[in-house]
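Here chain A shows up in two complexes: once beside chain B, once beside chain C.
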Partner chain A sequence: MPTTETYLAKSTDIAARKLGDETIIMSTLDSTIFMLNPTGTAIWEAADGNATLSRIIEEKLCAEFDVPLEQASADARHFVDELAEHGILVVSDHPIPQ
Partner chain B sequence: MNCPKRGNFNVTKRSGSDRFFCYKMAPHMGALSNCADHEVMIEIGCIPIALQTCDSDFVSLLRSRYGDYIQTGKTADFTFRVELIPPGTFNPEDDAEVWFEKGEWRLERGDFRATWSQDTRQGVIRQSANPYSIDSVLRITHTLLLARTGGFLLHASSAERNGKAYLFSGLSEAGKTTIASLAPADVALLTDEASYVRRVADHYMAYGTPFAGELGRPGKNVSAPIAAVYLLEKAQQNRIANMEPAEAIRRLMRNILFFAHDPELVRLVFESACAFVAAVPVYQLSFFPDERVWDLIG
Partner chain C sequence: MSLLEEMNQKATAQGIPLSAHLDITWRCNERCVHCYLDHHGKDEMSTAEIKDVIRQLEECGTFFLSISGGEPLLRRDCFEILEYARKLRFNVKLKTNAVMIAAKEAARLKQLGIEQVQISIYSDRPEIHDAITKLPGSLRRSLEAIRHLKAEGVKVSITNVLMKHNAASGKAVQQLAKEIGVEFFIDPTITPMLNGDRSILSLGISKKELDEVFRTEEFVGNVGEFCAPASTVDDNVLDGYSCSAGHTLAYISPSGDVFPCVQFPMPCGNLREKTFREIWWRSEALTELRSIRVRDLPTCSQCGHAGYCTRCPGLAYMEGNMRGPSSADCAKSEARTGVPSAWQLRSGHLSSNLVQIRLA
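Our next item is the complex of A and B:
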């Protein structure tokens, strides 16, 4: 059975500012603020609606940070779930038009 | 007070953005009387707002409450007609709600109802004859006006010393009123509750406000360029520490006063906070609550 791909896109209901290699993001719906570290920022910046989470993990996290694939996958999925739960990231099993 | 050139408050709102507002209507804003025998002009942050009322006692209350902030001979940026109603007319338990609908801002709380039109710059306030309700309406109105001009109201005390302004922010009990009450004689207190921040050209100004906290007295009606913001915490020793911009923005956003359910304006406030932190140093100030803390300020 094929594995379903997870596509990521930034919500339009946010305001964000990159400061150095970190990013601060605020939901404009409930004013919740998130601070992303460099790895979170890497995922955030790659979330363009066409990138899959597995590709981001492989090309952005494992290639640019010293982290094993298994750990990167677990951490990234937890990160994505949390941001999606707050409406910061949009998650779909199809590409997301931006 | 030297005010920047007038007329730069563009509060035009994009059409369609009121789709975000799903709050209850305000059917109580009925037909208005035409009674407005008296007018009191209250200028805060160089924005004169006229309050019209039929009630001479309420005029006296306003003059007493707003003191140095009462202006005469100016043209109002906004005019509110104040209709006085019996206390308890609305549900006193209602929290503040602010939203935009059909070209008007609507402000509601358990003790007042208010609307104002962006096009006509006129509105109406219904409240009982008390200073707290009008104070809240003015605060909310100023937050809406400032949001589009790069400014904001910050839950902070502020003071002017040697021609520069210093803001002291933090959550409740952090020491905003304490540090204000410890200020030496050469310090002019701008507020111990709500600091008024405006972007003027390429810098930021703090203005005195009548919005008082525990000290119970209005700030001095003066302004000065902001030299620093201190985020407070009480400690055993006085210490100033630098703060990373991201953390400074996060902490500032927690203390910026903004009440409207309006994603577009919330985004602007966030961007204002980011721009502010890029221009004004923000520090962590740990302080022991005695007058020596002022040796570090200014």
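Our next item is the complex of A and C:
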């Protein structure tokens, strides 16, 4: 499970497109498809290799979606864990060059 | 509902061109006897123009991008175009005859994350396949390419287009696909040339051969269900439309012409004169196409096959009326069920003496 100090970046092994406020993502490795809801989309868009999960939670989820910090942290860590498991998100303890 | 269906529904509701088919050239190193294209290289878009079109598609929300031709690998910038599309995170499929794909090209396609390479194989016998492509050695080269792609882990699909020359080849090509470990599709339809020339339709398989295809379990699954589909024609059917062409699918020619689909050469605009966004949202032709529902089709809305017919509005357009029937699809519905379509009954294009009974 990632910590809130984990850095996030988008994998290059994916195809992705924003449809309205949602995002469709397909792994080019195993063709798994994900449809991200607006909060998932906010995390995805912010995953630029330089942002930590805690910053994304604070600046995107809590501020834009009016979610309490504790709930946002738990949901976001679970979300990142699942996407990292499928190779959709890259996670690291250090900034990730893009 | 699957995620893909959900995505299509959302794209339709929002008017997003979710899928685009981009022919980067009509030049080809094969000369397939049934091909619907002229093989000229006139007015092809430059690398910069094609990249700009791809960028515009990304802005409009396109996710699925088929790069095709002609033979796309005849363009020296084909890999540069594929790389650019992948950089913009498209799901990219490449339609190719594959004769120019060796180990190095297969490795590059894998590295780029191409979703699938789609290749036509007409027969497991070189004398038949090569007679159709008119390129000696083409079957051997295409099969070698498929093995290179498989070795790299690139997904491949084989389409077996049936015509007089190879009418009996389906099962053997399906077996070949199984042995190599790739997807297999069978396509019994020959389509007119985009320039309106219909002479190649004479190459199509006979009604008897089509009947046989539709009664082959390996091709259609449960024959009983396929040949006796549920025939309800209710408001859901009548309020629907024929296919995604012009709704969530766009076709772009090598010179930048936009059509609803590669089989639907209705001019909607040219990308050297207007942006894709302007054409997609403001073209009168597309607006008219999107307004058409099954209930607006004078003959097809009265046809008992309407609920499952594969009616192609592009083929209907090429027959002179996009609200009219597509006779090739009438023939398919008849071959499936043994019952003529409403158009066949009205026009006398009958090969059986059954009639449709419509309950009020």
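Keep in mind that, in the parts below, the second predicted complex is superposed on the first by the 94 of 98 C-alpha atoms of A that agree within 3 Å, B and C clash if a C-alpha of one lies under 4 Å from a C-alpha of the other, contacts with A are read in each partner's own complex, and residues count from 1 in each chain.
FYI, contacts are C-beta pairs under 8 Å (C-beta built on N, C-alpha and C of every residue); 3 or more make two chains touch, one makes a residue touch a chain.
Everything numeric here is computed off the predicted structure, so don't read it as measured data.
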Inset, instruction - Evaluate whether chain B and chain C can sit on chain A together after superposition, giving fit or clash. - result: clash
Legend entry - chain B versus chain C as contact partner of A:Ala15, first or second or both or neither: both
Inset, instruction - Tell me which partner A:Ile24 touches in the superposition: chain B (first), chain C (second), both or neither. - result: both
Legend entry - Touched partner set for A:His78, first chain B, second chain C, both or neither: neither
Inset, instruction - Tell me which partner A:Ile33 touches in the superposition: chain B (first), chain C (second), both or neither. - result: both
Legend entry - If touched residues of chain A are counted for chain B and for chain C, the larger one: C
Legend entry - Residue range of chain C overlapping chain B upon superposition on chain A, of 23-31, 41-49, 275-283 or 347-355: 23-31
Legend entry - Contacts on chain A seen with chain B and repeated with chain C across the two complexes: 13, 15, 17, 19-20, 22, 24, 26, 28-29, 31, 33, 35
Legend entry - Touching residues on chain A, where the partner in the complex is chain C: 12-20, 22, 24, 26, 28-29, 31, 33-35
Legend entry - Complex contacts: residues of chain A adjacent to chain B: 13, 15, 17, 19-20, 22-24, 26, 28-29, 31, 33, 35
Inset, instruction - Could you please specify the touching residues of chain B with respect to chain A in the complex? - result: 244-247, 249-250, 253-254, 263-264, 266-267, 270-271, 274
Inset, instruction - Please name which positions on chain C make contact with chain A in the complex. - result: 3-4, 6-7, 10-11, 14, 16, 18, 58, 61-63, 86, 89-92, 113-115, 155
